[in-house]
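Okay, so chain A shows up in both of these, paired with chain B first and chain C after.
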Partner chain A sequence: MNTPLTIGQLQSHFNGMEQRRRLYTAVFLGASLIVFFGGFSIAEDLNSGGFWQGLAKFFDFPSQIIQDTFAADDWLITVLEYSPAMLETINMAMVGTLFGAVMAMILAFCSSRNLGILPGLVPVARRLMDITRAFPELILALFLIYLLGATPIPAIIAVMLHTAGALGKLFSEVNENIDRKPLEGLQATGASWLQRMRFGVLPQVLPNYCSYALLRFEINIRASAILGFVGAGGIGQEFRTAISWGAGDKISALFLLLFLTIVVIDQISSRIRRNLVGGAYQMA
Partner chain B sequence: MTTMTLDSQASRLRRTHGEVIRKSRMAAFWPLTSLGIVLGYLVYAWIAFDVSGVFGAADWNRGVLLSRDSFHHKYQVSYSARQDEVSVTVEGDRNTEQDPLPSWVTTDGDSYRVSLGGRHIVTFATGRLDYTAPDGSTYAVRVTQDGVHVNGYRAFLDDDNQYRFVPEEQSGNANPLDMDELVERGILPEGSSFAPTKFEYAPDFYKTMRVTRAQILVQRYFFGWEYFWFGPKSQLHGLSTGALWDLAWSEERIDPALSNAEFIFLEFWRNPDWQHNEMFIALLETLLMALLGTFVAAGVGLPLGFLAAANFNPIFASRMVLRRLFDFLRGIDQIIWSLIFIRAFGLGPLTGSLAIAFTDTGTLGKLFSEAIENIDSKQVEGVRSTGATAIQRYRFGVIPQILPIFVSQTLYYLESNIRSATVIGALGAGGIGLKLVQSMQTQQDWENVMYLIVMTLIVVVSMDIASGWLRRKLINDRG
Partner chain C sequence: MLEIQSLTKKFGELHAVDAVNLSIPDKAMVGIIGRSGAGKSTMLRLINRLAVPTSGKIRFHGRDISNLSGKALRDWQADCAMIFQQFNLVPRLDVLTNVMLGRLNHIGTLRSVFRLFTDKERMEGLLALERLGIEQTALQQAGTLSGGQQQRVAIARALVQNPKLILADEPIASLDPMNAKLVMDALQRINQEDGITVVCNLHTLDTARTYCEHIVGMAHGKIVFSGGPDDLTTAQAREIYGAGEEFNEAATSTSISQEREVSKTPDTEQDDLIASGKVVNL
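Here is the complex of A and B:
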């Protein structure tokens, strides 16, 4: 057993720790300041326009948009004219999410250790999910646009693959956290593997699956809109055209549509999700 | 037990607990109906997106070309009629002129003999190209006054906009043959394209030839990225790793001003073909965008989060204003912010980081204010009971409670922002994303595209791993 410390030793030990802690804090703050100011000045140098000159022009573009909007007489008609493009983007996200979620489900069942399919499949499925998740949608979409032409389908496939990876990971976490008792009960009745999954696992995981998929759907609407910017159709493409023309009234119309869609879908899906899982997975 | 009693029991159960049976029937009804709805929707989507049309029109050959060009480089032997000279280059880049000629190209001064591998042999001279296939059949392509002739035949466009072929000595276009007939008679190789002024043929993916009036071009593909380490003009090109290692430590300087190791590094770094230095700067720009943006967002989001938390700011109206501000910042996508900022600040990482900072101030501010509202007030009360000032109460009562959330959320957003910085960059803010899109849009240097993609993936994945590790470490350390 160690000899007990005297009060003095304890004191000096405490002071030492305190000082080290202060040093860490100072180093951390110093490093943060260096990152901030250093980063800012590098970024400022690399940027084609400066920060301080830009600040003066900051409101030029927004104010031009607002002026154009009030100057246009048929602005509401513009909004209506763009709704098919918005619908296309929503459809892109929907189809991508649907297929992506189905793929994610298959991957999740293959990658959950506790469901006992083929143990050899687990690492394969996990790596597959890691790869699809890490691959940026934009790059995939650009490749597919080169192959398939500038249509919404490249965007759908890109969204789908990314969704499969992202949702697959979440789904497999849900799978691994299930209560095993229903499974054991079913096994005791002599249920087959499929029956065990259908009656023991699915009822437990389906609400969470749906909730995650809805959340992903919201994310995918944004992603599909963005992919439109590189030529995949939908509202993103219209956006790009409107911005390059500098047509303020069209920009604001598209903006309103996108914003409204996101808000409405956000509201609907958060209500459904609350019903599904009792509000437990609001911030996933 | 007899059947009678079982039946009566069943009917009794149905009478007393009918809702159970009805419920399970309903339970069977909904999955089927929703499956039907989904299938119906997919049929609609199939039609709306014209899936079959798009896949029908897809150019799969491009996919093959793309994957070949990503991992191969091509040597091209070309004869230009205008300059009346033959050159052997890599990827058609004049800086890569091969002298001496590679072993598979030989010349007797007048004509050139190109062995394309696999007993495919091309010989050419001014105005003529002869191709010998492995099976011994030969095809003589001649450039004449009126165009390109193959094995004594010339092509013309008929009234139906189809190419037809007649013997070259025939003056009119009577009794023309079509492509299949020419292939059948062994006049044209299968899969070639023959037009009045152009002959093109690719025996397989690794060799192509093209004859027009202005140019004769023979290409041969090899695996790998040529000139990846050192450019064509560099004297280090072609040295083995061992030779380079020896050179790096040898006393005799190549360039008197630099040590050999430095010289070798700079030759690699400033390789004009692959531009490693520019690539590095672009990567740095992307990282900087994400880092600076997240940093500003966290720094601004934290105080705003305090102001938006009900337990620290008693004024309801100002809280509401802040909350709506968060919603506004979050609701507008990073891409749209960056498009607004490009107008004001020009292209570059500053624009990208501002876009990231704006969106994430909204997200992090909201998260932080929620975390602050959920803190345990006992700790604050304890600090207060010692007579601490307001600042001390925050410092010792609140900050320790929200620090793990602050750190982990900030790191999490940093991770995702590196991904989004690529996207924002691609749409104009600069960095690796912009380089990627630009090199993809030129649609020729696919090996450069592949290099960029590999670099991007390495950065994204390694940042994911690093931040995940840091997050776990920080959170575990704090219990």
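Here is the complex of A and C:
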């Protein structure tokens, strides 16, 4: 530590720091503006239609949908008719999340350094998760649909693989934050590695695992809906058909169904997750 | 008989345990004292084989346990129960399950992974808890118990291991005096009734004098004192802790009985009072 500074020196230092901070903010704002306007004009030049012309027609499509909806006299029946497609999408998300979470668990235990797993396995498992996480579901699904045909199966596999990578990363972070004391206590009783993982790690991590898996399930419902657009079935496929036909009443029915499902599932799962992380349940 | 011969554990350049020779007879209750970093914990961890010795031998009933691995190592650990300062229970599991986890070594992996404990195992767990007077907590989450109760759960877990030896690493260091007494009484009772050898790291000298028939002092990884409770005079303690005149047991004592004063020889007691000049007689 050097000699103590006088009050005057401290003040001038502080003012210097403050000025630098303001300069950074100004530079950041300027750069953002340049990127925004630059990007906009490039996009405007490249696009076939213009943004401003498009903006004028922006409300035409929604108003068409609303008009169609009020014109249709069997709108509620349309909603009911589409329910099986919604269920199919939820089903795809569920199966994908479930298998993905199991894979993620295995990958997570192999990629956590603090659990005494074979050290050579850790980088292998981590790269495997990086790879599966790097591909978006849509790309995986397009590829798999080409191989396996347009059924829900490729979509489920795509969701599963992406989930395995994304959840595996989160799970292994949960693993690496555990309290090691129970593990040591079990080791001192002569418990095997599997037993230590089962009783020393699982009770600590399972509530967090479930919470993350539910969060992933919410995300996967949206992902599965999108996968319908590339032919994987479910509500996405119906959506695409309805939009290409311009059937406003069907679009609004599908939109309502999807919106309500996502809201309801998000609400339920966030309530469960709050209890899980709050430690309301004894698991494992 | 637990025999330790020139046992050494190095962490880098540091000799945590340095060429220790020690033998502990069966059914003994031994206390190890010494300042933090003296190597007490490392020594117990070496005996339980949570840590691997750098060199030297540990023998139990003539069998070398310093190079065990795999199943043989786990079997030894089941025979050699360990109790920790921070209890090391699984806080999210209920108390009875925590106790039954002491049986893991005797249960097949598949059966234990699905938590298929038998009625006999449950009863053994409950009886162990009853022996420690905390059977009423059996259904609670272990993490919700007080420190003293958690430590007794840990002792119950050690009991169902059917161990030949119990190692206790500062079992009362994070407990209040009343709970400390309960825990030490429990260890003493197990030692006397079941004939299980107990080796106990302790911070408080009066606890060591009261409960242990043999006391070992450690400093810088070496054994610097070995004797009965009466041999551990204040002068000896000062040497073990590397402390000067300011060292005063009464200031850190957590004893709740008057027994401590009686057990010491009146002469040294008087010397202490004069030497320190700040003893407040309790």
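Assume the second predicted complex is superposed on the first by the 252 of 284 C-alpha atoms of A that agree within 3 Å, B and C clash if a C-alpha of one lies under 4 Å from a C-alpha of the other, contacts with A are read in each partner's own complex, and residues count from 1 in each chain.
The working rule: a contact is a pair of C-beta atoms (placed from the backbone, for glycine too) under 8 Å apart; a residue touches a chain by one contact, two chains touch by 3 or more.
Quantities reported herein were computed from a predicted structural model and do not represent experimental measurements.
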Touching partner for A:35 - first (chain B), second (chain C), both, neither: first
Partner chain(s) touched by A:189 [first = chain B, second = chain C, both, neither]: second
Partner chain in contact with A:181 - chain B first, chain C second, else both or neither: second
First (chain B), second (chain C), both or neither touched by A:203: second
Touched partner set for A:43, first chain B, second chain C, both or neither: first
Partner chain(s) touched by A:259 [first = chain B, second = chain C, both, neither]: first
Contacts of A:58 with chain B and chain C, given as first, second, both or neither: first
More chain A residues in contact - chain B or chain C: B
Touching both chain B and chain C, residues of chain A: 283
List of chain C residues in touch with chain A within their complex: 48, 50, 73-79, 81-82, 84, 86-94, 101-102, 104-105, 109, 112-113, 141, 154, 157-158, 161
Footprint of chain B on chain A - complex, ascending: 32, 35-36, 39-40, 42-44, 46-51, 54-55, 57-58, 60-62, 88, 91-92, 94-95, 98, 134-139, 142-143, 146-149, 151-153, 156, 222, 225-226, 229-230, 239, 243, 255, 258-259, 262-263, 283
Complex interface listing, chain B residues touching chain A: 38, 41-42, 45, 48-51, 54-55, 57-60, 62-63, 66, 281, 285, 288-289, 291-292, 295-296, 299, 331-333, 335-336, 339-341, 343-351, 353, 367, 419, 422-423, 426-427, 430, 433, 436-437, 440, 443, 453, 456-457, 460-461, 464
Complex contact set, residues of chain A against chain C: 179, 181-182, 184-192, 194-195, 198-200, 203-204, 279, 282-284
